[in-house]
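Provided herewith is a single structure, encoded as structure tokens, for subsequent inquiry.
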Amino acid sequence: MDKSMMGDLNSLNQADQQRMAAMIDQLQIRDSLRMYNNLVERCFTDCVDNFKRKTLDKQEETCVTRCAEKFMKLSMRVGLRFAELNQGAATQD
Amino acid sequence: MAAAPTEMDREQIFSMAEKEMEYRVEMFNKLTHTCFQKCVESKYKDSELNMGENSCIDRCVAKYWQVTNLVGVLLGNNRPM
Amino acid sequence: MDKSMMGDLNSLNQADQQRMAAMIDQLQIRDSLRMYNNLVERCFTDCVDNFKRKTLDKQEETCVTRCAEKFMKLSMRVGLRFAELNQGAATQD
Amino acid sequence: MAAAPTEMDREQIFSMAEKEMEYRVEMFNKLTHTCFQKCVESKYKDSELNMGENSCIDRCVAKYWQVTNLVGVLLGNNRPM
Amino acid sequence: MDKSMMGDLNSLNQADQQRMAAMIDQLQIRDSLRMYNNLVERCFTDCVDNFKRKTLDKQEETCVTRCAEKFMKLSMRVGLRFAELNQGAATQD
Amino acid sequence: MAAAPTEMDREQIFSMAEKEMEYRVEMFNKLTHTCFQKCVESKYKDSELNMGENSCIDRCVAKYWQVTNLVGVLLGNNRPM
């Protein structure tokens, strides 16, 4: 989530700015917990298909680890591109 | 004995507790739907869970829990779950 | 949803405990309505594929009933297992 | 004539009304997306709904409604919808 | 979202009715933003599959436009049927 | 210099800002998951994004943005995004 999206923050007084910042913090906490849940669901769905044992085998563990690491790298990259587009800084093909 | 929490602490406790519970409810819902998908065949031949489905569910929950912990470690989240 | 997850409830005074309990009740109501919506969507998607008539035929009705009953049984079982894991009571394979 | 609601009642009325509305909005959204999936072919050859799609949509809504009621009864929810 | 669903609005006094109306407005704003997000996701998923260029080609643009227009028409039709059912006005097959 | 906002204005500013941010967070999440689906092959052979995946992601984000704007215009939403 990008704090720079709140361009009109400056028209508020100090107490209101604090309140707005607190609201943004709250949304970020909720968002990161949701992201966590979504990531677990996706990597589990893609990597775990065998229910003959109740513990992850080595292959499933490797798959989940790679899935999560790929997702986090992708998420960072998407964040950068998204911020560029938000600033109208997109260049041509 | 711990001091009484201040007004600010108290609001933060409520706010964090609310998010924590929302998170757990959401996890429980995703877990339920994912294990339904993985373990119950969608022909619905009867309304009971058979033995195979039941043990699949138990293992699915256990594995989902392990994936949650594994991903939590990768995200730098050190507390259990 | 498991009320036992709120271990730190005890550090709060009585008014706060009531407020926390009310919050939990609110989340449970919202959660059960969401579960209802999700269950309807899933059983409809899995059981209804024929749109030549505007009323459910007997076969669709049976399918929806079984789907919902299976889902509720699964949901209870998942809740039990989940609570065990939350208490660190998971046994080995 | 009914007595004026107390402060507590009033808060409960608002809170329940809010959840009820959220529920209905969510149901409407799920219904819309599900019937889009079931009735509209995803090639999008033109931007109009043809006659077949329109009658499929009407029946899809009617059946979704029946499934909602049926599941509601199974969940022990006695009021309509 | 249908304002008529709130039949018990009349038992409230004027201040409460205003508060309820404000709440409904808030939910409608949130709902329309969500609908927007869902519509974009669906039409993108159905229409865009080629990532050799960074701009939509004519065919993708046409597909997205038709997808969105079909969705809006369907959404209106569903709203009408939904309102009829809410009023118990459903007729037989 | 602009006049100080009234109490009502202020509440509306907060309320709109909150919805706007929720909307953007949701858009970002959908975008991320959709581009993961479209660009990352689900075998997960290693934990790095390769060059092909990276350029797919960049183009996916750019196209998602264009679809957002296009749909926004169709919905009668005139402001950018």
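Note that the chains take the letters A, B, C, D, E and F in the order they are written out, and that residue 1 is the start of every chain.
Throughout what follows, a residue touches a chain if its C-beta (ideal position, glycine included) is under 8 Å from a C-beta of that chain, and two chains touch if they have at least 3 such contacts.
The UniProt protein names, listed by chain, are A, B, C, D, E, F = Mitochondrial import inner membrane translocase subunit.
Note that the structure is predicted; figures quoted are calculated from it, not measured.
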_From the centre of subunit F, which other chain's Cα mean sits the farthest off?_
C
*Which one, A-F, C-D or E-F, has the same contacts as B-C for more than half of its contact pairs?*
A-F
*Between subunit C and subunit E, what's the gap in Å when you average each chain's C-alpha atoms?*
26
*If you average the Cα atoms of subunit A and of subunit B to get two centres, how far apart are those centres in Å?*
19
_CA centroid of subunit B to CA centroid of subunit E, Å_ = 30
*Multi-partner residues of subunit C (at least 2 other chains)*: 34, 47, 53-55, 65, 69
*Which residues belonging to subunit B are in contact with no fewer than two other chains?*
22, 39, 58, 62
*Quick one: which bits of subunit A touch subunit B in the complex? Just the residue numbers, please.*
26, 29-30, 33-34, 36-37, 39-41, 43-45, 47-49, 51-56, 60-61, 64-65, 68-69, 72
*In their complex, what parts of subunit D are in touch with subunit E?*
2, 4-5, 10, 13-14, 17-18, 20-22, 24-25, 28-29, 31-33, 35-36, 39-40, 42, 44-49, 53-54, 57-58, 61-62, 65, 81
_Could you list, by residue number, the parts of subunit A that touch subunit F in their complex?_
1-2, 5-6, 8, 11-13, 16, 19-20, 23-24, 27, 31, 34-35, 38, 42, 46-47, 63, 65-67, 69-71, 73-75, 77-79, 81-82, 85-86, 90
*Within the complex, which stretch of subunit B touches subunit A?*
15-16, 19, 22-23, 26-27, 30, 34, 37-39, 55-56, 58-60, 62-64, 66-68, 70-72, 74-75, 77
